[in-house]
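Both of the next two complexes hold subunit A, though its partner changes from subunit B to subunit C.
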Partner chain A sequence: MRYADFTAHDLLLLLQGLGVSLALFAATTAIGLAIGLVWAALRYYRVPLLAALAALLAELLKNSPVLVQLFLVFFGLPVLLETDLTPVQAALITLSGNTAAFVYVIAVSAIEAVGRDQLETARVFGLSRWQTLRRIVAPQAAAFALGPLAGLLVNQLQVTSLISVIGVVDLTKVGAILNLRTLKPFIVWTVIGLLYYLAARLIAGACARLETRLRAHREWKGL
Partner chain B sequence: MQFDLTSLVPYFGDLAAGARLTALACALALAGSLVLGVLVALMRTAASPLARRAAGVYVDVFRNVPFIVQLFFLFYGLPEVGIELSAFATGVLALSLAGGAFTSDTIRAGILAIEPGVLEAAQVSGLSRFALYRRIVLPIALRSAVRPLGSVFVNLILTSSILSAITLNELTGSAKIVAADTFQPFEVYALLLLLYAVLTWLVSLSAGALHRRLNREQI
Partner chain C sequence: MIHIEGATKRFGANTILDGIDLRVAPGEVVSILGPSGSGKSTLIRCINGLERLDGGFISVDGHRVDDPKGLQLARRCSGTVFQLFNLYPHMTALQNVTLAPIEVLKTPRARAEQEGRELLASVGLAERADTYPAQLSGGQRQRVGICRALAMKPRYLLLDEVTSALDPEMTGEVLAILARLAAGGTTMLFVTHEIEFARQISQRIVFLDGGKLVADLSTARFFAADGGLAQPRIAQFLSKMTK
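And then the complex of A and B:
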């Protein structure tokens, strides 16, 4: 007998899928931010070869479909290296790399948005390159980067939906399972879409609040 | 560990067929999202608050819901209400709907960048509403939106790979078959990644060139 009705257990399944999606999003964002910032630092310190390599890799990751990157890592890498990768590991690697590429681009343009005269002034005052980065470039660049970063995060949340294709049971996969069982595509996909929408809204709202705080020093506070 | 591309040569025909399908889907979706984007952008800059609200909801929803969810909604949902489309038609429809939301953003920015004086002058000269849109608003807005539209199109090409999830054998879908046939997934997908990167790079290059050409009097 086929059980085609919605049950209370489905709610649990949905929450579990949402949890998996959000956890992978959080983990890959953290890893991607770290890697992307390291790449940007390579460029800031003008490390020969490595800086060019980071730029090329970021360009390649930025200009190819995440789905293909996912297939390359999940199906291709184990064959090449003769190892095994679980779907979750493959998802972690791919999404972190993809996020890193976009973080790199945002970080580079944010660093370049800080006026060159400030760097020269800092050097005249005898600050080392690290001190300049830490005290002068980073605080301003962070405020510049937050807007584009918010857009990136909302986008990356949606990109996590692709990992359902390689078998990670995330929110989209839960939707596919429920869709197959109940054959009520309208209800199922509307609920899934709504959950993604709410999560995206939450992320955008949090970023907007953080941005107003970082930019607070620029605003006229009144006398 | 080995990297051998020569054994893939017999499969280049299959990949080319997939690439043709991708190109066709993207071209149709580009046309669809341009039409939709222009309409929605005009609604979002209209005087009527109702039109602005409706267009805003459309853009908000399609930008904040993952494309694969929209695709499944249409692919499984449309037959439910009696609309039977092929996988290809569903894919083009989904791409156009999602692309329309992003396109409307860039065209809206182009419309808002028009100097109010130009529009007032046109209204004073007694141009009809249609003539105003056709002769003044759209030429200026579209011309200044070419480069951002190029990056929307690049995104469209990248997004079209997701159509392989609804059994459409476009470039990514046919590569999946080739990878299964040759047992060389790494080579196939690495090649595919490069192909997409070169393709999108060419698109953004030509969009940049077109932008410079159309805007040459402005500089």
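And then the complex of A and C:
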């Protein structure tokens, strides 16, 4: 029963899986943040048509299961476009879009949370809409958004585990392989779960540190 | 010259401003008195373009505020101080003061900061320049608000009930600064409930009631028994306010 034992090589395999999960998370977060913020900017500038389109797209993406979106992109898109998509490409597209939708929602509500008096004051002092966004709205909205954003990112990290079903060898996929070989599910999934937990804590911690910095001006430091 | 002619503003069925005519010449200090809801604040908000008129027009040094280009130029001429301060909470006192000079007037940062520190020092806040608004008292915040308006070197200072959110001691701090500005020749349009103070610093007093301009008199005439006080509405208001 040699193959049923854990080996040092398994550790390497696990770390590789973790690397894939984190890389995908980092890439989709960066792309999703960029797209979501652009959508929110379309709304801030009240760009006709495009603003409505962004709102509709975000609405569709955040109200349907990521797994369904993943299947649609991985199996559906290649048929529609008559191309091939690798599992990693499909995962990148789906998770980026999903993150973008939630970033949009968070950004819009954070922008709306900035007081009307702040916008009026900036206008009276002659600041342009862009200057107002950059110097007044964005810094205050960012402080409001970081809490919800931390929650979103922790969740999105865990959502990456779904991509194992289309064959991306991420942390969850490595877990499934190890589980089949060793037949020790309790140990394998505990270790996998712990690794996700540690990564999530890291993300939440980083967000909390940034939030403290952005809220440095507040007398009230939160509960 | 701030030139207001036939200014009319409605919110739904309510007429807030009902054909106001008013001129404020450079160097004048004009106080606007009147009961709550008489349209005083709305008049200020129409001058700086935060509300659009439904009739009549307002121009500041010839720049009409109903025209986008004109409004931009009109806003360069006037500085507003707000009732609830409206400081930018994420910026220090100094950053609050220097933001518009740097962004709008394109003043070099070093010069803007030097001028900002001088302004803050002139209102006794030299030590608090690098403090955030949340760490300042109400009176200190409003003094920063005044510096922020003055940093744009406005020809007209619009003051919208700037002491209404302050206790008497802090009100005193702020009024002392305004008295100094008035004595120094700063043009001010001063919406207030501080009647005694208005009497001391202004050359003219305007009384609004129900959106109508009831009186526009020299300060001496306004408080004279055969002048403003001869009008029952004004006499009634003054007796209530000074009780």
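As a working rule, the second predicted complex is superposed on the first by the 217 of 223 C-alpha atoms of A that agree within 3 Å, B and C clash if a C-alpha of one lies under 4 Å from a C-alpha of the other, contacts with A are read in each partner's own complex, and residues count from 1 in each chain.
To be clear about the criterion, a residue touches a chain if its C-beta (ideal position, glycine included) is under 8 Å from a C-beta of that chain, and two chains touch if they have at least 3 such contacts.
None of the values given here were measured: they were computed from a predicted structure.
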{"item": "Fit or clash - subunit C, subunit B, common subunit A", "value": "fit"}
{"item": "Partner chain in contact with A:G19 - subunit B first, subunit C second, else both or neither", "value": "neither"}
{"item": "Which superposed partner A:L72 touches (first subunit B, second subunit C, both, neither)", "value": "first"}
{"item": "Partner chain in contact with A:G205 - subunit B first, subunit C second, else both or neither", "value": "neither"}
{"item": "Subunit C, subunit A and subunit B - angle at the middle CA centre, rounded to the nearest 10 degrees", "value": "100"}
{"item": "Which partner, subunit B or subunit C, touches more subunit A residues", "value": "B"}
{"item": "Subunit B versus subunit C as contact partner of A:P139, first or second or both or neither", "value": "second"}
{"item": "Where subunit B and subunit C come nearest after superposition, their Cα distance in Å", "value": "26"}
{"item": "Those residues of subunit A which subunit B touches in one complex and subunit C touches in the other", "value": "none"}
{"item": "Touch list for subunit B against partner subunit A, complex", "value": "1, 3, 61, 64-70, 72-73, 76-77, 80, 154, 158-162, 164-165, 172, 175-176, 179, 183-190, 192-194, 196-197, 200-201"}
{"item": "Subunit A contact footprint on subunit C (complex, rising order)", "value": "48-50, 72, 75-76, 80, 82, 84, 86, 88-92, 99-100, 103-104, 132-135, 148, 152"}
{"item": "In the complex, subunit A residues that touch subunit B", "value": "59-60, 63-69, 71-72, 75-77, 79-82, 154, 157-162, 164-165, 172, 175-176, 179, 185-186, 189-190, 192-193, 196-197, 200-201"}
{"item": "Partner subunit C, residues of subunit A touching it in the complex", "value": "117-118, 120-121, 123-127, 131, 135-136, 139-140, 143, 214, 216-220"}
